[in-house]
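By written order: A, B and C. Residues from 1 in each chain.
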Amino acid sequence: MNLLISSTMQRRSAMALAFFVAVMLVLPLFAGNYVVSMLVVVLFSAYVGQAWNLMMGYAGQLSLGHALYVGLGAYISGALFVHYGLPPWIGMLAGMAAAGLAGVVIAALSFRFGVTGVYFALLTIAFAEFTRIAFNHFAWVGGSSGLYLPVVTLTRDDIVHLRGSPTMFYYVLLALTLAALALSHLLLGRRVGFYWRAIREDQEAAQAAGIDVFRYKVAAVALSATMTAIAGALMAFYDNNLYPDTAFGISRSIDIITAPIIGGLGTLFGPILGAFVLTMLSETMTSLSANLGVNGLKQWIYGATLLVIVMLQPAGLWPWLKTLLRLDEGKL
Amino acid sequence: MARGLPMRPGLFASATFRTEFRETDMADRLNRREFGLGAGATGALVMTGGLCRAQAQVPPLKLGVLAPRSGFEALIGQGCQRGFEVAVPLLRDMGYAIELMSADTESKPDVARVQAEKLIAEGAHMLCGAWDSGQTAAVAQVSEQHGVPLVINIAADPKITEQGYKFVFRNFPNAPMLMTGALSLLKDLFEVTGTTPQTAVLMAVNDTFGQAAQNAINVLLPKLGMPFRLVDTITYDPQAKDLSVEVAKAKAARADLHIGVTRLNDGILMVREMVKQRYEPMGIVSPGSPGFYERPLIKALGKYAEYCFSNNPWMDPNQALTKTIDAAFAKTFPDDPFDINVGFSFEAALIAADAYKRAGSTNAQALVEALRATDIANRVMIGGPIRFDEKGQNVGNRLASLQIRNGKPTVVLPPTNAEAKPVFPMPGWSQRM
Amino acid sequence: MLTFVNIVVAGLLTGCVYGLMALGLSVIFGVIRIINFAHGAMMVVAMYFVLVANQKFGLDPLVAMPLIAAALFLAGYALQRGVINRYIARPEHEQFLLLLAVSIILTSSTLIAFGPDARSVHVDYAYDSYEIGGVLVDKVRALAALGAISGVAALWAFFRFTRTGKSIRACADNHVGAEVVGLNVKQLYAMTFGIGATCVGASGALLLLLVDVQPYIADDYTLLAFIIVIIGGLGSMPGALLGGLLVGVSEAVSGFVIMPSLKSMFSFGLLIIVLLVRPQGLLGRHV
């Protein structure tokens, strides 16, 4: 850690963060429902991106099947609500437990058997796909016809039962995103954060230095999975309908990882920036290609942009932006 | 009142009109009248700088239409879009005034939701859409939250109208209705042709349609007094690219009747494998699912598509409006089929326009009450007059049995709407010309 | 019983084509150690080329196969030399994202050019089948398998007997040693990617005989190729073929014995077991 950070730099970072938070807090007051619903998508992406970043950016474990945890969080809390009327926040705990357990099992099995790197990534895909197909046959959660949550139209927001306008979800997700930011920052400064980064840099050296590599890797996966499941549960109560193919699908897993990689892996703010950039890009593309009416143009431009960013700024956009804003030495 | 991003609705609406024309890849065969209308409206809208008061008489209803025009369901979504587009000039001739605002759901519920919000933010008075149940459910939520009425053109999941929504109306049979109707027609088929199978095998894609079919068939077989018994059920993944194992299993069941609940691509694969494996049941029936009325399937299978049945809602050949649309569609989109995607989308626009006319204003409450009182006899699809029950569901739609004859889906049942007599059992594969 | 034999035979024949497809992936990884996530997308592009050749010039895919193989070799060579070469030493997630971007661009290009509907190739023998002792053998499938086997044989001969082939194997075995000996490693890497692309192109031509092409099948085949290659052993040529046959047959059998819609689940289950128990695959070298 850079102990020589000047207090000016730290103040600049803190101010930048405060500014960002302030803007996000008041935005719904000015913007209409369309913008808010778009930002809900951004915040989902930002939050889950941060959860994924913990595992990949800090502990160095590539997971390409993170949709598994989203799906588990969503389906378990959703199904418990549909069948037993269990309140969402409690169902969410069950979802988190299931996802955390899944993460531990996958990680423990993989690392115990020495499966790392690309093989581990493929294993995560396999588990996610396996679960997707299983849920397609699982009648209790509606199978491939989907799980529909009964919707109640209320005039006011009910945060206890997670029923309300997009604005309510916006604030819940904003709080979560900032909490994840704070958690990441906290963990980075403590022993576990140092151990993770040591493992990421050179696993064997870390092992040789006496770090229980296995335990910390599993912990990273478990934490990441549990955090991701929260977003899954929120998604269930926001969308009110779930399908295994969209919840567990590989396209969701890919969406989850593109934001943090574009934004900046291993940085605190990277996933958040990535989420904003990609969603804005996507919306712009939608408007543009709607006017041109060419099917597939939007995906093409998306792919091309991804390619350009990967080739020119492989460390992500945030480090580049940080230099631009002169926040380099800051803790973000 | 346009909230949200600072985009004037006028500007976007004119862009939308341009969209309609560009997306028609038959750009050179544009209907002159439509082009004139578009240019005129564009000019007027741009001139008034955003507010839609182009004409001196009744301002048109701003109808936000959502369809999966890209992504996995693109072919279907584009069909629906064509239905909406052909509706605009035809409805105008009938004395209605609507203006389309189009959005692409990209075959994803998340996008559907955001696009619905966008359309409402840009001033849509009513929404129509969205073919896919998941996307429609997302749009319905937004509709209900904002109090903007939604007229569903096609979506089969029953739960959409079970949520207690006040602003959502569906003019399409839900999955149980589809299956009940489809299976009853089978019974009629046996009576009319005098041939009754003893056994049947069900081959179903594992998605919404397939699951509905499986659930329904077990309940309805005894309930409707069907004469055959089901010897095997074979489900397969929607992404399956090879159905050789599935068809082999079906063949091994040695059933008289083959019931296939498929989509377009797997429908093609299924019949092809049946030919290759020399599996010749009495007939192939597809109840309540897409595939066996779609032109790409007929084109791909050629002579082997003949005599396949599809029991689905369909356009009523006896209705005058059907003939009118058929002619107009053939002129505007000569290379595209006039199928149920087009038919139901047209009807959705008709319902919206009709309600607007009776309501006399764009006030949401007035529109909803007008929608509830809908009673349209001069329609396109087979069934009684369009009416909605207290849940917003039209229970009066009826299904038809279509058989592919001479490369066209032909109505063979019910006898009152039939264009030809059904042929059952079907001639064997080697006997096809 | 007869049905079972029919199914196993069909599975084996399909497995041959799968094997050729997976071979491309395996060769690239074995030598360059890069995971080609654009594998399926490249194959779909090849399939579309063959489709156009069939529709415009009436070329049978079997005839088009060597042509498309050559075309894709050049494309692969160029891609590696131009873009991918810099990423060989980079971290895995960057490689992944790069090839993912390439995959998205290729898939959306086919979508723009051909639209979303599934297209099939028209051959006169599309509905023919042989009957050998009661067993129904699909003619199209048999010819495709034959094509695949000849492709694999050609590749094996190339690596065994030609100078370039041996040089490439040298690179794979010992990168530094190869450079020391004076081999132009950069050039050889590009050739390898080209060869991998060739396999992809050839298998695409053959696969078009078996399935219909549409832009969205790319990812399914990338995943399938990975499953095959991991089961067979990453970097092992006979492993890729064996993996292809195994997956082809197990999909068929599991579909028959359990429910066809659980077919893929079975394949993924197999993948998980192999990754945990023997990650180098059946015939792979120890990682």
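Simple rule for what comes next: contacts are C-beta pairs under 8 Å (C-beta built on N, C-alpha and C of every residue); 3 or more make two chains touch, one makes a residue touch a chain.
Bear in mind that the values here come from a model prediction, so they are computed numbers and not experimental data.
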Taking each chain's centre as the mean of its CA atoms, which one is most distant from chain A?
B
Taking contacts as defined above, which has more of them, B-C or A-C?
A-C
Distance from the CA centroid of chain A to that of chain B, rounded to the nearest Å?
36
Can you work out the whole-Å distance between the CA centroids of chain B and chain C?
38
Report the inter-chain centroid distance for chain A and chain C in whole angstrom, where each centroid is the mean of the CA atoms.
33
Flagged in chain A as touching 2+ other chains are 133, 136-137, 295-296, 298
Where chain C touches two or more other chains, by residue:
115-116, 259, 261, 264
Residues of chain B that touch at least two other chains are 70, 74, 206, 237
Parts of chain C lying in touch with chain B, wherever the complex brings them together
3, 6-7, 10-11, 14, 115-118, 120, 126-129, 136, 138, 140, 210-212, 214, 216-217, 220, 251-252, 255-256, 259-261, 263-264
The chain B residues in contact with chain A across the complex are 3-5, 15-16, 18-19, 22-23, 69-70, 74, 78, 102-104, 106, 108-111, 113-115, 117-118, 120-121, 133-134, 137-138, 141-142, 144-146, 157, 159, 162-166, 206-208, 210-212, 237-238
The chain B residues in contact with chain C across the complex are 70-72, 74-75, 206, 234-237, 239-246, 248-249, 251-252, 264-265, 268-269, 272, 275-278, 296, 300, 304, 429
Which bits of chain A are touching chain B when the two form their complex?
31-35, 37-38, 41, 133, 136-137, 143-146, 148, 150-153, 165-166, 239-241, 243, 246, 283, 286, 289-293, 295-296, 298
Note which residues of chain C are touching chain A in the complex, please.
35, 83, 90, 92-94, 96-98, 100-105, 107-112, 115-116, 215, 219, 223, 226-227, 230, 259, 261-262, 264-265, 268-269, 271-272, 275-277, 279, 287
